Amino acid sequence: MTFVNKNKIVNDPVHGFVSISYPIVFDLIEHPYFQRLRHIRQLGLTYLVYPGANHTRFQHAIGAMHLMETAISVLRAKGNNISDEEAEAASVAILLHDIGHGPFSHSLEYSIVQNTDHETIGKCFMHELNREFNGRLTLAIDIIENRYKKLFLHQLVSGQLDMDRMDYLRRDSFFSGVTEGAIGSERIIKMLNVVNDELVVEAKGIYSIEKFLIARRLMYWQVYLHKTVVAADQLLTNLLNRARELSLNGEDLWCSPAFAYFLRNNITEATFSLGKASLHTSEALKNFALLDDSDIMVAAKQWINHHDYVLSTLSDMLVNRKLPRVEMRTQPYSDVEIESKILNFGELHPALRDYGKFFVATGSVSNNAYRPSEESIKILYNNGQLLDVTEASDVLNAKALLQDVRKFFICYPKQ
Amino acid sequence: MTFVNKNKIVNDPVHGFVSISYPIVFDLIEHPYFQRLRHIRQLGLTYLVYPGANHTRFQHAIGAMHLMETAISVLRAKGNNISDEEAEAASVAILLHDIGHGPFSHSLEYSIVQNTDHETIGKCFMHELNREFNGRLTLAIDIIENRYKKLFLHQLVSGQLDMDRMDYLRRDSFFSGVTEGAIGSERIIKMLNVVNDELVVEAKGIYSIEKFLIARRLMYWQVYLHKTVVAADQLLTNLLNRARELSLNGEDLWCSPAFAYFLRNNITEATFSLGKASLHTSEALKNFALLDDSDIMVAAKQWINHHDYVLSTLSDMLVNRKLPRVEMRTQPYSDVEIESKILNFGELHPALRDYGKFFVATGSVSNNAYRPSEESIKILYNNGQLLDVTEASDVLNAKALLQDVRKFFICYPKQ
Amino acid sequence: MTFVNKNKIVNDPVHGFVSISYPIVFDLIEHPYFQRLRHIRQLGLTYLVYPGANHTRFQHAIGAMHLMETAISVLRAKGNNISDEEAEAASVAILLHDIGHGPFSHSLEYSIVQNTDHETIGKCFMHELNREFNGRLTLAIDIIENRYKKLFLHQLVSGQLDMDRMDYLRRDSFFSGVTEGAIGSERIIKMLNVVNDELVVEAKGIYSIEKFLIARRLMYWQVYLHKTVVAADQLLTNLLNRARELSLNGEDLWCSPAFAYFLRNNITEATFSLGKASLHTSEALKNFALLDDSDIMVAAKQWINHHDYVLSTLSDMLVNRKLPRVEMRTQPYSDVEIESKILNFGELHPALRDYGKFFVATGSVSNNAYRPSEESIKILYNNGQLLDVTEASDVLNAKALLQDVRKFFICYPKQ
Amino acid sequence: MTFVNKNKIVNDPVHGFVSISYPIVFDLIEHPYFQRLRHIRQLGLTYLVYPGANHTRFQHAIGAMHLMETAISVLRAKGNNISDEEAEAASVAILLHDIGHGPFSHSLEYSIVQNTDHETIGKCFMHELNREFNGRLTLAIDIIENRYKKLFLHQLVSGQLDMDRMDYLRRDSFFSGVTEGAIGSERIIKMLNVVNDELVVEAKGIYSIEKFLIARRLMYWQVYLHKTVVAADQLLTNLLNRARELSLNGEDLWCSPAFAYFLRNNITEATFSLGKASLHTSEALKNFALLDDSDIMVAAKQWINHHDYVLSTLSDMLVNRKLPRVEMRTQPYSDVEIESKILNFGELHPALRDYGKFFVATGSVSNNAYRPSEESIKILYNNGQLLDVTEASDVLNAKALLQDVRKFFICYPKQ
């Protein structure tokens, strides 16, 4: 039984009325693989710090698609040749660019899907969808995987100034209420152009780019890597690791079957590797497609009553927002410091003495405002000259922009 | 193990920085009963129509509390005597005014908690909290239940111009992207005053009140009673009813224990009635406090594979957003019309022929812009005269405002 | 010597980036007749009450043109046939619709250009421009003067839902800071359609229309007819009348030559009447085209030192914002009441005793939310039925909407 | 005859409702010296490039006062001792900080008030007002002139993070429509604190400060030093210089008496120097207080018909927005280049051949994001450490921030 919804305008609090221009985009949005994104928060546990940040990957993907259409029309108006087929493929590509995200990716990728990033899983999804859509996604996938001759189309999907960032920086700023993170995506897009099949920014857009880099950095430290968010992520990672440990030891943990699949099996990047259209990959993908935020939260709620004291304590901390303390600094924490926190924890909670590693977490987060090793932002001058933004901008410290800023954290329960 | 978060400023995309002024408010927010509101969407299934509408009852309650502090300070500045104790109680009262909401209240109240409205359950929660807080919520509860002498404090919590509406109309407009629904809460609050212990609006605020009434009506028909939202609510109600029917017949349905409790037991308003601090009430409340949106959605996802074809079909429709068609009109649908839709459905889906009542839904929704039978909006003129807004406003049709506008709908699967 | 500015994008705080699509529109904007609108405030003396309201008729005309392009593209997308020539003419028409406004029109029209409304003068300007542009404005003028067969094009320029109102209500709300007056012009425009060459609104836009009518009314009473604004207008009218009286009596008043022309001559509607391309008309138009807000304000500043005590007092009141008191009510002021104010004034200011009529002003202002005698707002239902909005809306009081709301005022200096 | 307006709330589109807390602030706003700011645009001729930029120094001064009250209350809440008298004086100080601005300051200061900056004139105004207000402004003046012991009060009025900048960056961004220039003034103010009587920013505000510096830079290059704005300023400077030259040669130029005073006399910084309460100073001040934007524009309109061809051409260029071409670059223009432009101009316009210096303008504009030579932005860490922002921020290029960025321009009429 299928039901068709003919409504092709979406009300988006960030961009206003968003039209869906291509039938295939509409059909992809209707697909269960995409609809599941309605239940996956864009920013994972960030809503525990910024209560407004409940927006989903569904909204973001549609917003990015909207900006892609704007960008394509700006580039066409400047005389760049983009065929209708390419325009459609670019919309499809950006729509699907995040399809591989699971719930709370930051924690998931370090626990139950071991070191498997969302891009690997995303490719899996896209190839599966391409089979269902009889190869009509091929050009979009080529653009995403950077096999298509017009590099700028790939850059619009995945690059320093891609429509992904143009949307998420504004959207995350809007919903978190960190208004300072807002970027001038409208203006930046108006300044885009293409030279030698590469995306460039016209010179008068230089200040907007500087501001974009600074705003992005602000969002990183103030939202994405906010220390309490980091602490919540660590807590969830430890909770999932404990759950997996118990499951692998044969312990029965109440949770949804799809979630159980990942707790009981050894799912790694290899599982999702392309080419292997094996039964194993297909099963993992099918189960992954059923996971969303609610599977994790519902399970954690039940585990508060589980007899394993480690699991129940961590679950209570997550569900009832008893988040760990967290310290952050530019120097790593020494083994002595970490040991001391673990010892201290053990003294305060004798029953959990042997499980300090699930409660005291350490690690680092890093961000660089700009990573030209991958790709650079090129500024186009009226005389045709092209300069990297680090050369073009006098105020930004090129060296600093190029370097990772890394901060080390240590989390531990209070008291 | 408890952990204290000392952060007392909340970033709210609607109101900006919100400060938490009273320690008791902070402690209440930390309580699991309140934290659960983080996982209950303010507008239930509305996010299936307006993808931005993922905001939660948690945010709304804090926003309403913020407006309460503003209102109290406006009234004090106009010379109205409000003690610190009363001010704190008003903040507590508005913070807790929606504590009784469960997930997807519209559907829940017509299915698994039969005809039990959120206010009854809310009282239950508040009295329980009052015990935990050693009676410190008594004044707040008196204000909510309208037993306190200063009527205007009750009106600020629950009245024509209460801080609940002042917040939710702006918030729902903000997150849904229906910008036209935005009201001038800042200005309305500045125009409030008190005469004879009753809330009044100063005459120069009359146009803001007119606009408030019209904007509220717009939000009702464009968002709250949007026909596709109504269809989704009906779908969920039918799904829950089918699940309950199966459960009561001894069928085993995978779902969280708290959810199962409501499927397997007969929970009615009586269960939550005050005075009865019986084991039964306490058990129902404990289970209710564990329910949130994720319990329902996780269960529905599993039920797609249930052997009962009615349940699995309804679950698939909900989870994968295959929403019913819906028609709406000012005349009721006759038995003949309904029968015909059911027959038609049966012909298209022979396997579901006997279960038409779960797929074809009919009923009505209604809204009145203003219901002075309960209480009126009083306009205060410079000469001291007080007029009801229907008399004070020339442009609003008093009769129309007073009458319910009722619309009848019929929903049925497409094809 | 001419200089061409090739910049064809205007930054508008209300609508964002506004593109200028037609060369003729660009040329018209460059014309001195249009450039003068840069120095004429959209809301006259309203900035004395709302300090933000310094926006000009220049910005408004460009904003309205921008909305016209949006409306044309919406109507075309719905299958309505609009030729490129018609689209251009509609843009030109809305751009020029206010070209006849002088500085502080409300006061001017009751004093130095006696009872000549801006539309009469506007026609004069347009015919003059049409000569300069070799007849290329003919279609635009036909649309404005409602001689063109496609009525809806005229309605988009001048009708209940014209682009003039769509822009000015949002713009005046934006700049005055009366945020409640904001209308959903984006949504209303999306709901427009054409039936039998007439503009209609699709049924699902009914709530937006209701809100538009209420917001418009709010703007009238809260901004346009704000009693202090009325008082300032009266003050300026009286000041201009006194200046004219003195001038006609041979008194020499320092002011710009163009301003002097209107003080010393008897300029009436007849002066600007079409057909009369007489020297007299042409001279009046040429002088009118030189007038802007600064001519009036600079003169008033000097007149503070004029030996005529009436003139100097009124000038001081205007320039240094010593505005009269004003009372407003629904009943007219009787001759006795007025006489009493004048007498009282005379007693307080013996030197001005004989000039009370310049200091005590009375009159009325009126507004109706909707005037279907001229033209109605038609709502289009899915079944093709058309209803007037007063029939389609249940909440709006049709009678009240149809009637003028008239308020009477009396202004007099304080003390 | 005086008239009192009791309304003490101002509607500000930028900050919302602004209350006027102190009677003396109200009285100062009513004073003609302050009322004149209603007719002086905050950004001079910028409205010729950004048509929305008609906002006035009046609005800005009130907005800055509003932010001052917010800052004072934030600092008090953090335990800093600020007496009521100091709080009032800080409000008065910021209100009056720009009182010395005349119309189109950028041009004026290089022409008719030779090299007299607005601060010198401002002091003159403030001492005059202090006499009128019987010494009640003394503390405010001490704060402005940095004689008061609590340095941070001066810094709030005039420093790297003063309320002047906090308001004007947001306001200029709002009205010009250059939304990217918006700064998070609300958040920055919340992060302020005082250490050793100096203003500091708490460490978690570092990203807001970085963004503030970058946004400020963006506003400089995109708005304040926009090349077309620079060209307009040069045009006006040349126009004023020509008018002055003619006046000093005995030529009679129509203009307002106050304007004439500055054309015919030699007014320099010495004229306004303090201590010299001479007749000359007092006369200059009195005339200056009568000048506003309209005096200049009205005169220029008349001068279009003046027999001096240089004056009439420049006037026509200004009034009818026939702005010069302008080129900008980081290298100065050589004498040869300038000569060549002048020669070229002379060939195209033989009648103006000898007056090239009035049509070809050259010079430089400069901006530095941060000038710690004057004063630094100090970041306060949790451990009490204080660092200059250039040390605290890794991404900002300290050297670049410290250096002036200077750009050279050349303007010349087109064709």
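Letters are used for the chains, namely A, B, C and D, taken in the order the chains are written, and counting of residues starts over at 1 for each.
Note that contacts are C-beta pairs under 8 Å (C-beta built on N, C-alpha and C of every residue); 3 or more make two chains touch, one makes a residue touch a chain.
Every value quoted in this text rests on a predicted model; they were computed, and no experiment measured them.
**Q** Could you tell me which chains make contact with subunit A and subunit B both?
**A** C, D
**Q** Which pair wins on C-beta contacts, A-D or A-C?
**A** Top pair by contacting C-beta pairs is A-D.
**Q** So, comparing C-alpha centroids, which chain is the farthest one from subunit A?
**A** Centroid comparison gives C as the farthest chain from subunit A.
**Q** Round to the nearest whole Å and give the separation of the Cα centres of subunit A and subunit D.
**A** Once rounded, the distance between the two centres reads 45 Å.
**Q** Taking the mean of the CA coordinates per chain, how far is subunit C from subunit D in Å?
**A** 32
**Q** Quick one: report the Å distance separating subunit A from subunit C, using the average Cα coordinate of each chain.
**A** 51
**Q** Can you tell me which residues of subunit A touch two or more of the remaining chains?
**A** 16, 179, 187 - these are the residues of subunit A that touch more than one other chain.
**Q** Okay, in this complex, where on subunit A does subunit C touch?
**A** 16-17, 186-187, 190
**Q** So in the complex, which bits of subunit B are touching subunit C?
**A** Going by the criterion above, the answer is residues 179-180, 182-184, 187, 207-208, 210-211, 213-215, 217-218, 221-222, 369, 394-398, 400-401, 403, 405.
**Q** Note which residues of subunit C are touching subunit D in the complex, please.
**A** Listed in rising order, the residues of subunit C that touch subunit D are 1-5, 7, 10-14, 16, 30, 32, 35, 38-39, 41, 47-48, 50-52, 54-56, 58-59, 62, 174-178, 228, 254, 256-258, 290, 292-295, 297-298, 301-302, 313, 316-317, 319-325, 349, 413-415.
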